[in-house]
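Below, chain A partners chain B and then partners chain C, in two separate complexes.
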Partner chain A sequence: MTDTAAAPPLARDAAPPRPMWHVVLVRPETMTLVLLVLGVIVGSQLSEFFLDINYILKSFTLSAEFAIVALVLTMVIIAGEIDLSPASNMALSACLFAWAQQAGVPMPLAIVIGLVSGVAMGALNGLMVIGLQLPSIIVTIGTLTLYRGLAQVIAGDKSIRVPEWFTGINAVFIAGIPVPVLVFALLSIVLGLVLGTTMFGRQIYLIGTNEVAARHAGVRSRRIRMILFLLMGFASAVAGLMTASRLGSVRYDLGLGGELQMVLMAMLGGTYIFGGRGTILGTFLAAWLLVIVTTGMIVANWLPAWQLCVLGILLIVSIIATNFIYSRTQR
Partner chain B sequence: MSLLRSILLRREAGIAVMIVLFCLAVGMVKPQFLTLGSLRIVLLLVPLIMIGAMGQMLVIVARHVDLSIGSMLGLTAMASGMMFRHYPEIWWPLGFALSIGVGALLGLFNGLLVTMFRLPAIIVTLGTLSLYRGITFIMSNAKQIDRQYVPSALKSMSQTSPIFGIPWIIFIAFGVALLTYWFAMHTRVGRQVYALGSNPVAAPLRGINVTRVTLLVFAISGAFSGLAGILYASRWGFVNPSNTGNGFEFQVIAAVVIGGVSINGGVGSVAGTVLGVLLLGCVSAALPLLGIPGTTQSAIYGAVILVALLIDRLVRMQGQKPATAGARA
Partner chain C sequence: MLKKSLLIGLTAGMVFATGAFAQDPLKIVYIGKNTGNPYFDSITGGFEDACKSLGCEFEFVAPATAEATSQIPFIEAQIQRGVNVIGIAPNSPDALNAVLDSARAAGILVLTVNGDLTGNESHRDATILPTNFDIVGRDQVEMVGSLIGYEGEIAILSATTEAPDQNKWIVGMNETLASDPKYAKMKLVATVYGDDQPEKSTTEMEALLSNFPDLKGVIAPTTVGIAAAAQVVQSRGIAATVHVTGLGLPSEMRDFVKDGTVTAFQLWSPYNEGWLAVHFAVGVLDGSIKNEVGTTFEVPDLGTITINPNNSINTQASLTTFDASNIDDFSF
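And now, the complex of A and B:
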């Protein structure tokens, strides 16, 4: 970021190809990485805990559910759409699951009900956006309200307990890593490979850059965007069940306001809000950055209200910075 | 005949018919719904939503959206509430000036972010939704403004007035609607809002100061949220840092899209929005009568938004020529 000033202004058609270090350095993900390192350094001044990897991993389990959804959301935003409903989707699929198992449905079937309902909710979003060509912003504002409302209808104001053995997924460790974090890491690798190396991934970028051109080039834009919305629904349902397992009970306000954190993770990771640019790596780094920041605020004893302010400001600053970087480096 | 036809084909007529049908249907089941008493209930439910909807309508017509209005309502109500608590002797109408002023500033901040950095309004206002709510908590120390601090003259505005005992708050809401009508239809800037929303590319070419118009609609949205904020204090008599205005944006957006304001910008009328607000008010008032629990309210707002979008889409498809409709699909 600091090196842009050093380069003399050249006529654009005569500009030589940028050196590799320049390309790598002036990327939003680099900014995220720098902030992440800075965060750890500042955090370690605050408290010894920040250098304890186990403490960080444990803190991460609190946001891992949102982070998992944020990975898929990154792909949706790259494809030029947005989904604000996943947090409500998490609540409704978790409520349906909890309600079903309380009504005597066997556990495996109840889990399937939760997952299928999540996919169905994604399908409804997709049908409204793709089938009816409505803007995804307003559609998902509508479904955000609807899904949360339905969860409230099902669960009322009470909390539904889940069976003992289902609880505590965050306390299960595989190779010293809590399961939610492991799921997040594995999903990052898989989606990173899909987005970065496969034709499907390239087509997502193409759709987000210019949907009409992509369609004329033979990209099945409608199908791909539908797949993304279905994937979004599935990821939200998984995240909802994981949250239910972590909390041990389900209420209609599960994950309330989570859409802010998910969008924030995608934006902090340098995903371009207008579509066509962004990486899974960026969102992966941003999720850790966000955990460091929120943990730092908790360790420093800041009021939760300050955290609301910081999250809001971070969101706005991160899109300004990302837009700035893209407008300077990649026309 | 053609005049009647054109009236009947208007979007507003459809909503009016829906209101009448809905009220008749509820009245058949519960005759007490069709009384002056429940009209009073409906009219007391809608003022805040109506005022918020007028601002939101202008924002959506200009092809933006403002998600932060609920937080702005909370912050402005808290600002006035704290003023009343610290200076109990203060001339109480100053609360209106404070709330509206603070609201306009908050809206202006949204508008500045949108215009200066060319950011999408949805993300900016999602951020400020969180930011403004956080500020409300911090400045109030997470403490509620209790009933005894809100001036009784302010509270009585929601109960009565010299004119047939109809509460002032209802007059204010319809006054705001008239003012918005005048602004949208009879001022140069108002028409520019529509021009900007119909075609954002053409608008600057026709000499419209896009920055100014955008800033103005966001400032108006903020100012109206501020007015709704002080009226919230009047209506409910308390201000709570976490509840006040929470979810307000969804009620308002629901009302606006039912009212036929197109989310693609450039289309929307005050009359339609008012009818949309009234329909929402009728539904909310009918729920407890029909024995439907209050927990369903949020689900109904969500369903209403989606159904309104669906209708909007079907109406547009009817308007399109068959050939173009086929090519799009």
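And now, the complex of A and C:
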């Protein structure tokens, strides 16, 4: 700013536009990418067995189901809501599917039952949050427990086998990439485009930034949030069936604790927990980051205690960085 | 006799050792149910000592939680590391099938140690169990019978309602009580479940005492349950009237035995499971042991071991009884 002195006093009110490189580079996703690259470098130093693309892809399939749901969860969080029930939803929809096919229901119908029940669970969350105006964190902590409980009622403590042909989706490769990883990548592109380029996407950001203002501006907030909860239910059911296929059997504890991993992925990717900010790209990178870091430590035979410490530190660092970056670029 | 078996053991050990030194040292890994469990420290100790004496490399890994699928990434990692033997205490009887299959396809010898893939035995090469689980129930009834003079009311304080091992033993206890005239004057009045949580187990034990004032004996076939039951008996000072026994860890039960709260309880030696697993694995891989039902082989300190149906191998024929006379000999 060489002409500050010459500028009229009015110019002090308007902040100078951020330079292009600043907009592109100073954002949480950059931090995630840097951490990801660091993770790969450190991982390859920790163990000679780490740097093997097939092994990393294989390891990713173990978290791919959670990662797929995390993509949708990112949109829910951007809209200012949260859903903590998806892992329980995965278990209940998978249990209903497995129970139905075991009871003699034809497989295609059993799959439909699983998917529909997932959507219904999303709808129940949505109705309570939007219809009854209850806080989503409380509602979904409730359904997190409820869905898991129902899954145990249905499946008991035994596991239900699924037919042989249905198993092993993680061992099916298209162009050298396991199917769950491919699904995750394609969904990332689709949701990334929806969130980044469509009116629907922009409205999600608006709702998350200021719900009341968005409604006054004519955004159909209730409807959009309901759609997000339904999508969440559907994605969870798909993830549940994919897990059932990978494991070859279904138990009520399928995906236990997965909601934390999903939230972790969204947070590591720079999604702002209070809504209004975040990207699919961030969650995409964060899912890889999480897999790289955990795989690197596991193949180096690190003790779980240290693994938990590293993951905790990673999350805290990313939250601090995200908050810092957002506060700097806010206005 | 002892000298002879020692001698055989030593020779066998030396044969194995030289066999193992011929190529790269064998890499053996044991995947526990979860970390921070003293029981597994003892199994690991057996693995370590045997690997030291036979010249193989050993590592212990375990997930943070004992959730059904938490061991999968650890198995994948060991395949990637190219180990020769995976010993595992499976957290699920079937969720590990696929990954164990890929381990075996990679040429890894897969042994379940201290727990088996019940119903899915074809997904592992052999299982090493502490003792014949079919007779644990019978032995436990005899134990409590001897404590209460084979007469009076007894109760069972178990783990969870679905715990497969405990349920198998409880069936054995009921059958023994019903069929053996020796125990005709003993009456099983209740079977309760403490879910392997100290608080719940304590509550269940208190409830037993108030519901059945004439209770003379309690069998708790779980390490958490027996410790909780003993704690209740100790704090109420009723050791003379209510006899607690079951399956417990010497380390956790030592004080109760020393102060007379508990006279005797049983378990096996987890250490021997690790010791046996390594000797078996090394023998199978160097060709000196055929992994077939009916094969017998010698293991130092343990004597002659037989491979039972389903490729199941036991470290000891029956339970070890711990009381004031021997409890100080055990550290696990």
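Note that the second predicted complex is superposed on the first by the 298 of 331 C-alpha atoms of A that agree within 3 Å, B and C clash if a C-alpha of one lies under 4 Å from a C-alpha of the other, contacts with A are read in each partner's own complex, and residues count from 1 in each chain.
Operating definition for what follows: contacts are C-beta pairs under 8 Å (C-beta built on N, C-alpha and C of every residue); 3 or more make two chains touch, one makes a residue touch a chain.
Here the structure is a predicted model, which means the values were calculated and not measured.
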{"item": "Most chain A residues touched (candidates chain B, chain C)", "value": "B"}
{"item": "Which of chain B and chain C A:P106 touches, first, second, both or neither", "value": "neither"}
{"item": "Partner chain(s) touched by A:L303 [first = chain B, second = chain C, both, neither]", "value": "both"}
{"item": "Which of chain B and chain C A:E259 touches, first, second, both or neither", "value": "first"}
{"item": "Partner chain(s) touched by A:G196 [first = chain B, second = chain C, both, neither]", "value": "neither"}
{"item": "Chain B versus chain C as contact partner of A:P19, first or second or both or neither", "value": "neither"}
{"item": "Partner chain(s) touched by A:P163 [first = chain B, second = chain C, both, neither]", "value": "neither"}
{"item": "Which superposed partner A:L247 touches (first chain B, second chain C, both, neither)", "value": "second"}
{"item": "Intersection of the chain A residues that touch chain B with those that touch chain C", "value": "156-157, 257, 303-305, 307-308"}
{"item": "Contact set on chain A toward chain C in their complex", "value": "47, 49, 52, 55, 58-59, 62, 156-159, 161, 167-168, 171, 246-249, 251, 253-254, 256-257, 294-295, 298-299, 301, 303-305, 307-308"}
{"item": "Of chain C, residues touching chain A in the complex", "value": "34-35, 59, 61-65, 67-69, 72-74, 76-77, 80-82, 92-95, 97-98, 160-162"}
{"item": "Complex contacts: residues of chain A adjacent to chain B", "value": "82, 84, 128, 132-135, 137-139, 141-150, 152-153, 156-157, 257, 259-260, 263, 267, 273-274, 303-313, 315-316, 319-320, 323"}
{"item": "List of chain B residues in touch with chain A within their complex", "value": "65, 67, 113, 117-120, 122-124, 126-138, 142, 250, 253-254, 257, 263-264, 293, 295-303, 305-306, 309-310, 313, 328"}
